[in-house]
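Each of the next two complexes has subunit A plus one more chain, namely subunit B in the first and subunit C in the second.
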Partner chain A sequence: MNGVDVNKQAANVVVWLLLLAMPYWLPAVGGYIELGSRAVVLGLAAMSLNFLLGYTGVLSFGHAAYFGLGAYGTAMTIKYLYPSTPVAILVGIVVGTLAAALIGPLIIRLRGVYFAMVTIAFGQVFFFIAFRWNSVTGGDDGLTGWTRQPLHLGFATINIQNNPSAYYYLVLVLFTVAVGVMAWLLRSPFGRTLIAIRENERRARFLGIPVDQHIWMSWVVSCCFVSLAGALYALLNNFVDPRALYWTQSGDFVIMAVLGGMRSFWGPLIGAAIYVVLQDYLSSQTENWMSFIGLFFVLIVLFFPRGVLGFIRRKAVS
Partner chain B sequence: MSLLRVENVSKHFGSLVAVDRVSMVVEPGELRAVIGPNGAGKTTFFNLISGFLTLTSGRILFDGEDISRLRPARRVWRGIARTFQITEIFPELTVRENLRIPVEVAAGYRVKTWLSRDADGEIRARVTDLLEISGLTDKADRLAGELSHGDQRATEIMMALALKPRLLLLDEPTAGMGEQETYDITQLIRKLHKDQKLSIVLIEHDMRVVFHLADRIMVLAEGAMLAEGTPSEIAANEAVQEAYLGKAA
Partner chain C sequence: MTQVVLFNIFNGLIVGAFYALMALGLSLILNLSGVINFAHGGFLAVGGYLAFVLIPYIGFWGALLLSPLLVALIGLLIERVLIRRLYGRDPLYGLLLTFGLAFIFEDGTRFIWGPQSLPFQVPSWLVTPLSPDYFFVTGYRLFMVLVVAIAVVGLFLILSRTRLGMRIRAGTLDLETVSVLGVNVRILRNLNFGLGVYLAGLAGVLAVGQLGLQPTIGSSLIMPSFVAIIVGGLGSLPGTLLGGLLIGVASGVTTVYFPSATEAVIYVMMALVLLVRPRGLLGEEGRF
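This part shows the complex of A and B:
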């Protein structure tokens, strides 16, 4: 027991050190800071998905909907309503979370593949709205003509627009808050009811846990943080297009979570980092980069069913 | 007042009548056994009481209130806890965690995101108590899925007990067990019944267990009630012997 705890603490320290120092070491190994920001943003999305998938046992194939709503909410706020980065992020989160909270009651009674299918269907509704509503969303071309705004802190103004490191650290601060809240929830009595549902839904129900209600709550928490990831994604690119809402984007989140290991807290972040780096490298070599990622995914699932981190952890224990 | 009053309940699956107008009254502190041949509708009857299945007709009163239409979780909140014929636990959590979850639910903490030091201490103390009662203390930090069948069974019973139920429903607690395990579980049930004055209804196939534990016995056959009475009355009942005990012997 104690050995595992020490390992866990060590893993936490390593992850946080790597994240904090990213702008210093990533360029040195041939990367660039936006790549790091991308990995952290998508990592947040995958970890949010995993709150539902790995810790409640519910597979959503429609998280891109709330990711995309967060992204569009943020972009449209800056473009049409109010040119402020924090306000835009807040609007993005509220829009995505509200949509999830309202759609939740319609889907939480479904299980397994039925749940996954219906989440895809709802996701596609938002995709088609963004795709068709040219005058507001920019349609297929995406929403351009806006940029993230300087951050006014009262005593100082931080230029996050032309300084990738500054934006990276904004992302990291929000990532830390989001991940901290999720970790804290999972260690609480509420979090244990979610794990109970994952472990054995029937037992959970007959221990007096209203399972559907708790799945709804987990769904809303998960979608809230995926909306935040979407907001940060739009700001990172200064651009958003309907692909952020498309069901293949949802699939990418699932791939990241499974790749890294959905039973480990940091797994999805590792999965996202691997995905982002592979994508960046492979897409500069070949147009068919997706096939290589697919092949890699199949190999991981076949040989390391608990993901990369699950495999490393098992090695560390034995 | 009776603790549980089941009035003329029936359950139909299409044209199959699984439970046919069965009534039962359980008094506080009573240990009632439900016996009958395979396919007699015992488990279905249990599922109706716990809310796993909905009634076709009839009604169920718990503590004088109609619970016929309540969802399972709400019946648990009223004080009805159950175990299953095939053990239902949280296999990848430790025994301690398995017990902690129902203790927290019973304390009303299921949506709490933070516990005070005092509250956390009380929860831990209660889990420790439950471990001691069941004799699982030295296995507390093992994964529940790795325990022997008998210990998993005991864990499941203690999870139900952790809810501080007023009525405990046990579906074949000794199914698939060896001599020693059967004896241990029987002693545990006896202890809960005698020491904690817990009202229990159990389904059981092992007649020694039934006659050792039960205050009263109800016999089901083909979905309907065949007989009801004290163990000695049931042992002397000719219809029961013909339908059930005769075949078993």
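This part shows the complex of A and C:
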């Protein structure tokens, strides 16, 4: 084990300790538990996006669509089909992943800005369905009149509705599973192939790697976890509205990933945490928080393009 | 019924003309600089609001001439200060920066002029219908189509007949060679950006006369412009024009038969085009 590995292990331990103890330290520093849940949920979304963005090198700007599909799938299941939290989450994931798998073949041959444009435009279809189909989706006002249901584990029932900490730990458990699967995938030959495609697509193609298929798989994996994040987001708010599907939401995910550091595994989580806290603070201080968020985008691109972790890493090297 | 269908086709053509005007500007910038300008809708809104401010002083016609030029000026400045730094970097950064600019534009116009829709006066003789049977053919609508047509013809003339246009076209194909031949590529990109943004400003002045003046007008028009570019084919300006008109008419016709799908239909069209002909209707093979 060399120094870098030790540092990595230490960083992992610190991240997990902070996440595990969140309900205890966050209120002490002036936050509230829902804010922590929000950061973890959006962090999961940003990390899932980064699976595609940072590790496969494919520029997706339309992840909000699958995030929102997961959210609507979950909300509508509880409201109309079956009042069970786990079932609803599953339905949300299936809906989002299926949509991604079907749209995938249309877009995997595109690259760069073209891919970004097409993914963001496709997202709008789902936005307008949610926006227009008033009777089912609640239209612009969003889908209300449902809440997350208690968890029945057979031997015990956990009330996640009136206990924010309990819901936080549910989020954290699913987050751990999702992140674990992504880390495992990235360490597998499949993940190494994705990185090879990112580094030099033409070379990967010459080596006989079916590049389009790999990008499709990476796209589906990424959208699968982002729809899990969407499901958790809907449950967190007991509410979902078309803004979860809107293209500006996709931009938020990308900026979280970039802000934290696209080339690092934990970067997007850190980016999401910073973004969530900043947005919470700004929107409580000023009506014009959108301008500040916009300015924030511009400043990050100009002065901080490698993100927090990239910045720290470069400092450590030099 | 025919009247309703005609009305909606006509309406669709007008909306399509806006999409096309927006999308042509976007296309120009994308082709030469590789930047998707998310702030394009913001420039459009600024064009509309500037015209609103200018009309009491110089009248509608003066505003129609001056406002897009001012928008182009803002565009030149923003390109010079911000966007220029992003050339040659990962396209991601261009997306994020213009995305942030779009936020600032939308919120800025809301901050200055308020969130509510403002009344926008067009000359009264333009508003009256031309015939009682075809009530929808108001002078203003014909006028808009005319202005868009003039702008499009003007753009294609600039591109095909002037030295600047020649350089823009050459740069789209191979910027490095153009640079080696002694053309100042920085200035070329700057002017090209200004030209693209000018079109957005012009679309803004025209659009607010029809759709009303509100801060979100830009963000509601930008996504269809993307679709116009994709349907028409990346890298092809005539394709972009065709794509804009096509999706405009398609959503107009859909309004008649299935009103709740008015917006969604253009994305379905995009999916079909990508399925059958991924490079777009008039796009070149292998460009992306």
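The rule we apply is simple: the second predicted complex is superposed on the first by the 313 of 318 C-alpha atoms of A that agree within 3 Å, B and C clash if a C-alpha of one lies under 4 Å from a C-alpha of the other, contacts with A are read in each partner's own complex, and residues count from 1 in each chain.
We adopt the following convention: contacts are C-beta pairs under 8 Å (C-beta built on N, C-alpha and C of every residue); 3 or more make two chains touch, one makes a residue touch a chain.
Worth saying up front: this structure is predicted, and the values here are computed from it rather than measured.
> Using the superposition on chain A described above, determine whether A:Gln124 touches subunit B (first), subunit C (second), both, or neither.
second
> A:Asn12 in the overlay: touching subunit B, subunit C, both, or neither? Say first, second, both or neither.
neither
> Of the two partner chains, subunit B (first) and subunit C (second), which one does A:Leu59 touch, if any: first, second, both, or neither?
In the superposed model, A:Leu59 contacts subunit C only, not subunit B.
> For subunit A, which side has the bigger count of touched residues, subunit B or subunit C?
C
> In the overlay, answer first, second, both or neither for which of subunit B and subunit C A:Ala116 touches.
Touch status of A:Ala116: second partner only.
> Kindly classify A:Pro305 by the partners it touches after superposition: subunit B alone (first), subunit C alone (second), both, or neither?
second
> Does the superposition put A:Met290 against subunit B (first), subunit C (second), both, or neither?
In the superposition, A:Met290 touches subunit C alone.
> Between subunit B (first) and subunit C (second), which, if any, makes contact with A:Thr157: first, second, both or neither?
neither
> Touching subunit A in the complex: which residues of subunit C?
30, 34-36, 38, 82, 85-86, 89, 91-97, 99-104, 106-108, 110-111, 219, 223, 226-227, 229-230, 234, 260-261, 263-264, 267-268, 270-271, 274-275, 278, 288
> State the interface residues of subunit B toward subunit A in the complex, per the touch definition above.
Within the complex, subunit B contacts subunit A at residues 50, 52, 71-73, 76-77, 81-82, 84, 88-93, 97, 100-102, 104-106, 109-115, 141, 159, 163.
> Residue numbers of subunit A touching subunit C in their complex, please.
Where subunit A meets subunit C, its residues are 53, 59, 61, 103, 106-107, 109-114, 116-118, 120-122, 124-125, 128-129, 131-133, 247-248, 251, 254-255, 258, 288, 290-291, 293-298, 300-302, 305.
> Given the complex with subunit B, which residues does subunit A contribute to the contact?
Against subunit B, the touching part of subunit A is residues 1, 184-185, 188-193, 195-196, 199-200, 202-211, 214, 217.
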